[in-house]
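Both complexes below contain chain A, partnered by chain B and then by chain C.
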Partner chain A sequence: MATAPVTHHDAHGHGHHEESWFVHYFWSTDHKMIAKQYMFTGMAMALIGGFFAYCFRMQIAFPGIDVPGFGVVSPNEYNHLITNHGAIMIFWVAMPVLIAAFGNYLIPLMIGCDDMVFPKLNRLSYQIFLLSIVVLIASFFVPGGGFAGAWTMYPPLSAKPEYGLTPLGASLFVTAVALEFVAFLMGGINFVTTAMNSRAPGMRMYDIPMVVWMIVIASILFMASVGPLVAGAVMLLFDQNLGTAFFNPDKGGDPVLWQHLFWFFGHPEVYVVLLPTVGIVAEIITVFARKKLFAYRTVLYTAFGTGVLSFMVWAHHQFIAGIDPRMANIFTITTLLISIPIAEMMFVYIATLYGGAITLTTPMLWALSFIATFLVGGVTGIFLGASGADIYLHDTYFVLAHFHYTFFPIAIIGTFAGLSYWFPKMFGRMMNETLGKIHFWGTIIPFNCIFIPLFVLGAAGEHRRIFDYTNFSELARPELRQLDQFATISLLVMLGFQVLFLFNLFYSLFWGPKAEKNPWKANTLEWTADSPPPHGNWPELPRVYRGPYEYSVPGRDQDYWPQNAQN
Partner chain B sequence: MATYRSSRMQVVADARRTPLVPNGVMGMLIFVMTELMLFGGFLSAFTIIKSGSVVWPPPGQPRLPVEETAFNTALLLLSGAALFATRRAFQRDRAKARLPMLAAMLLAAAFVALQGREWLALLGQGLTLTSSSLGSFFFLIIGLHAFHVAVALAMLVHTFVRLQRGWLASSQLATTEVFWYFVVGVWPAIYAVVYQ
Partner chain C sequence: MSARPIATTRSAAGMPTGRLAVWWVIASEIVIFGGLLGSYVMFRLSHDSFASDAANTNMYIGAFNTWVLLTSSLFAVLGHKAAEEGNGPKAARMLWLTVGGGAVFLLVKTYEWYEKIHHGHTLSSSTFFSFYYTAAGLHALHVIAGMIIMLFVANTARKNLELHRVELIGIYWHFVDVVWIFLFPLLYIAK
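Presenting the complex of A and B:
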């Protein structure tokens, strides 16, 4: 492992040599290009994940329908669609966009350096990520079809082809997930090392913008939690292909062991994707409320505390998996505890907004809607964290609605917020505000119309793994079926509005009005580079004189005070 | 406010920051954290399965050669000490770093070879990957560690070549050291849990 140069004497050398088209777009070691690769790949995967959701929601609402664009959904196809919808949205949308794309783009620009400390490792990270997608998509087309045993891969469905019915699909699925982890491991090493070692002179620990801190903490959480899951994935691959019996109770194995290994990773993973969005929202609300972030250090310590606590809650996913009730009590307590730091962050954000000069731009709307919708997700989690209530609600649509109320704000709202905010910097052009706002309302209203009915359905007892309710007379009551149909129609409306976003994105990319360096009048360093920043980011790397949130400082002409301005 | 500003100006007057921990070392330390959790995952899974079994080792399975492996463990620990001696020598006189580095490589290679011999013996006694959960875990965990020793050895060979050519930077040696000490240091834990 070669040591990257610590000094930046070569900053002027960048950009003078011509790169071929292929090298520029596909073989680049520039953090900004790798970020865009991750961003567009993640968004393409979101289209696939969204399409899958459309297919199985149509089947649920209108059983046996010939779904336009897909055809009749068979039971095993239904399982396949659900499994891959979940896996794609978490591993191939939320992770690459929130951590890899924003992390790659923002860390060097916000801490004032020219690139990641290990640029080639960074390039390799994206290439392995792309390979993991190839393996995943290949798994859809092998004999038996793609894996259909839920994204959590519980054995024996995942370990035994005679149960899961996807002999090759299951192995390819596990391989794809493992490759994806390798890619993010490389990315995470880069993020943490860069943020610690390459900051601009004068930038102390408490001058680092919150989003950078959050991505760094999320990377540490990811790397500390992924080991046991990789161990489990290797054991699962051995069980599938080499005849071992790690998870097979007939031969001395234990299927619940997988659940422990999976959720030991799986629960910190929620915070791995949550924290970057919390950081993105911090940047946006301070800029558009023209206020200093309330209690910067408290937010930071809270994020670290949340990270530590997130390693002690995993078994709340297994309350009905046969774990000891005494253990369930302990995990109930830790689970309810973790809502405290998250609630505190939400209060801090509301305190930041209080008394601010708020401008409701598109990014600000997204950021505010994150706070509102994530609160619903968090509050409904309290019911599920209590083991008594969870015994009834487990595996119903209530659980599903709960985690969509957390993951949708995290992954989708977070992406739209971050992309609409940093779009001028990334591409040098402004997005259309009117289209952006129509898209915002066209997404956020249908989103609530999809998932509020699912809370009701779940509380009424609808089980989430049923392919066709017509065979269950007590669940096939017309008032419940109508709620399902309402949710599905809302989904169609929401997906329809995404066309508007794609139009706005690509139109603005090529024909939007040119963006100036600092269109939002923000303080952080990335706004002092050109839009878009050239290779090497700045002709001369910046120095930092103050923290990132000095807005509306009394006695100054301007209501912002860039980090690099000497006075 | 005035003092705040002036103290900040002093920081800014310095040259670009020189990191406390070199990039390579820090990257490797983070990687080692992941690796520790990976081995932790395997070892805790093994412990869960073992403590859930009525009879251990499973019926018809051989006892693991605790004593012979103690000797191998000593070899591996010595290779760690040899690399430590390499660092000491490297700081005083680079030319003298070669001998302890070669010793570290030979000791680690001997460890892998002797562990391989042990595998063959155990396979002959009926312990295979699929014969029991003991066999599955044994070959998976010990095999993974052997693979790590092999990778560490390759890194050390690469470091040695750089040393020979006079290109070896102190931070590069430190990066190799981090991984090497991890591979050496994790072994006693594996030995204690798996062989016991």
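Presenting the complex of A and C:
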């Protein structure tokens, strides 16, 4: 990490002295350093998760192949790879990068204060997060191997080692997830409290940049939904190790209870990761369309409304788990209802773009592609939300394609959008635009080539958790196998293009052209600090006079109007 | 590293940062206990065996412990009052009394569990008892955590430092109390 050497000078009494290298990079309480820790850790985990995807996709497309870099994939290894791919991408990539990295970096800078309200809690949160990774990775190497019972951890596979075949791996997996939750609970309390209390003088509710609102709402959603799953994780650990039978029907327990506890968290969780990206996209499209965000308040209320509704849809994951059909009807209705606010937000963004002076920079390309791809994900969710259709589509590749059309835009596109946009601020240098654009097309085209075929496969009835289709004559049809191979080859292409990104990232980090304070001519406060901002962010903390999206205001000679400019 | 950031001293929402944060801690704890107790209630409503198992719990012990916790909360309030008056040493004494209440609670609990296990009602003997130990155990962990934090707070308050923390730990302690007030009828009274 080559941030320009931090000026160890101290404008307003932080009382910090010449720090050692270790303290600076690993023991810092500075929100910007913690953000970078989360960012790089999350990206490293993405490499692991991506590698896992490569391994199991090779097996699916070319059954029995000796996968280069891994070897022959055994059935249990296959399940292990899939399970951990999903868990890593959601809990150790999307959460740390979108919530923790961007939240830590942006909240104090965008609301104009010098740090999080509890810097030490912040540091502790990252350390617990790191510990959760250690536990997770350790679980891959214990006797019996890592957990292989799907990221949703349904009992009895997760509860009984004689079914799951991973006696120790399962417990370590649950422990790792629980530790990760603790880390994000601490982080969330910090984020929400900071945003509520530490805003710059003059910054009113509706002057807060959308991305800050979104991360705050996401943190609240997380806090409100994760509790039952924390309790569930404790119960599951007891079932695994202490002989209780909360989820064991032989002894009076109920396995579906776990599904309720999991999805009561799991569905809000998809909005927890969605909202930060929706916020990132709002910042980017307003800057590069030079327009005010269309209907700021509506977006905000919509996000709150979505948050509330997201607690009432969870059982759409359980339509065929034996729930009462009358209940399925109710959840169908709520699920269809929730697509309205989501669609509305997308329309608001399109309306923001309408008539704007659009420049297609790399961040803007990512932001626009978010809208386009996420729409596909959202629309296919409606099919799945109708309980009748879902009886057929459940647990097929259609579901898998649906949620990759949502998660990929959220986690991957959102990260690239945010990182390419804030990179100049974070590291004080510019990234290469040409490489950025090549990488963009090299990612977005293969992405669609991977998942469109999977919609087709799912509609044809291909079940999503099968190790080798050649054993099932009706699924082993050559035309279906070819689609799988096409998807896998597209994945290889997409992974290949990520090398370009890593090159651009590290090259720009050290040798990119120096960035000025405000290279994109944006309004929000972070662009008034140095690039990168020193410890404490500003020599004197800013004051706010207006909302964040005053672009192209008639009668002004500049087409932007920073929030802190007096007039 | 010791000075607080300016961020911590601001209060745009009109509430001191510490108090705001404690409320958020409590909000996230409520859903943890909510999930556990919600599951328990669902089971309870659909399994008759729970009622016969619940008959084995000792309501008098539970009631005594409720009284102990409520009394300790009173000391926490008195501690807060002393802290507001700027009387650190008195606040610390009140916190010690609160910790004492927590200790009595835990002792009684230990006796109660010892007796239950002695009679063959263990964590794994039935789903009711699984809930009984898990819920009360999770609650007891919160009692222990609260006591430890309280000792630290008392130690600084004694020197008239960081007196606002007395209120914060008090709020948390009341929350722990309220959780017990839900546990007591659910596990001991409803038979």
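What we mean here is this: the second predicted complex is superposed on the first by the 553 of 567 C-alpha atoms of A that agree within 3 Å, B and C clash if a C-alpha of one lies under 4 Å from a C-alpha of the other, contacts with A are read in each partner's own complex, and residues count from 1 in each chain.
Following the convention adopted for this analysis, a contact is a pair of C-beta atoms (placed from the backbone, for glycine too) under 8 Å apart; a residue touches a chain by one contact, two chains touch by 3 or more.
Keep in mind it's a predicted model, so treat the numbers as computed, not measured.
A.B. asks: Report for A:P108: first if it touches chain B alone, second if chain C alone, otherwise both or neither.
C.D. replies: second
A.B. asks: On the A-aligned overlay, A:G202 touches which partner chain: chain B = first, chain C = second, or both, or neither?
C.D. replies: A:G202: touches chain B, not chain C.
A.B. asks: Looking at A:Y545 after the superposition, I want to know if it touches chain B, chain C, both of them or none. Which is it: first, second, both, neither?
C.D. replies: Once the two structures are laid over each other on A, A:Y545 reaches chain B alone.
A.B. asks: Give one of first, second, both or neither to describe whether A:A231 is in contact with chain B, with chain C, with both, or with none.
C.D. replies: Once the two structures are laid over each other on A, A:A231 reaches both partners.
A.B. asks: Using the touch definition from the top, say if A:T193 reaches chain B (first), chain C (second), both or neither.
C.D. replies: Touch status of A:T193: both partners.
A.B. asks: Taking the superposition on A as described, I'd like to know which of chain B and chain C A:V499 touches: first, second, both or neither.
C.D. replies: It touches nothing on chain B or chain C.
A.B. asks: Please work out whether A:I65 is in contact with chain B alone, chain C alone, both, or neither, and reply first, second, both or neither.
C.D. replies: It touches nothing on chain B or chain C.
A.B. asks: For chain A, which residues lie in the overlap of the chain B contacts and the chain C contacts?
C.D. replies: Shared contact residues on chain A: 117-118, 185, 188-190, 192-193, 196-199, 223-232, 234-235, 238, 242-246, 251-254, 257, 261, 264, 541.
A.B. asks: Hey, which residues of chain A end up touching chain C in the complex?
C.D. replies: So the residues of chain A in touch with chain C come to 12-16, 29, 108, 113-119, 185, 188-190, 192-194, 196-199, 203, 223-232, 234-235, 238, 242-246, 251-254, 257, 261, 264, 536, 541.
A.B. asks: Quick check on the complex: what are the chain B residues that touch chain A?
C.D. replies: Chain B reaches chain A through residues 8-9, 11-12, 14-19, 21-24, 26-28, 30-31, 33-42, 44-45, 48-49, 52-53, 58, 129-130, 132-133, 136-137, 140, 144, 169, 171-172, 175.
A.B. asks: Chain A touches which residues of chain C in the complex?
C.D. replies: Within the complex, chain C contacts chain A at residues 1-3, 5-8, 10-13, 15, 17, 20-21, 24-25, 27-36, 38-39, 42-43, 47, 49, 123-124, 126-127, 130-131, 134, 138.
A.B. asks: Give every residue of chain A touching chain B within the complex, in rising order.
C.D. replies: 1-4, 6-8, 117-118, 121, 185, 188-190, 192-193, 196-199, 201-202, 204, 220, 223-232, 234-235, 238, 242-246, 251-254, 257, 260-261, 264, 541, 543-546
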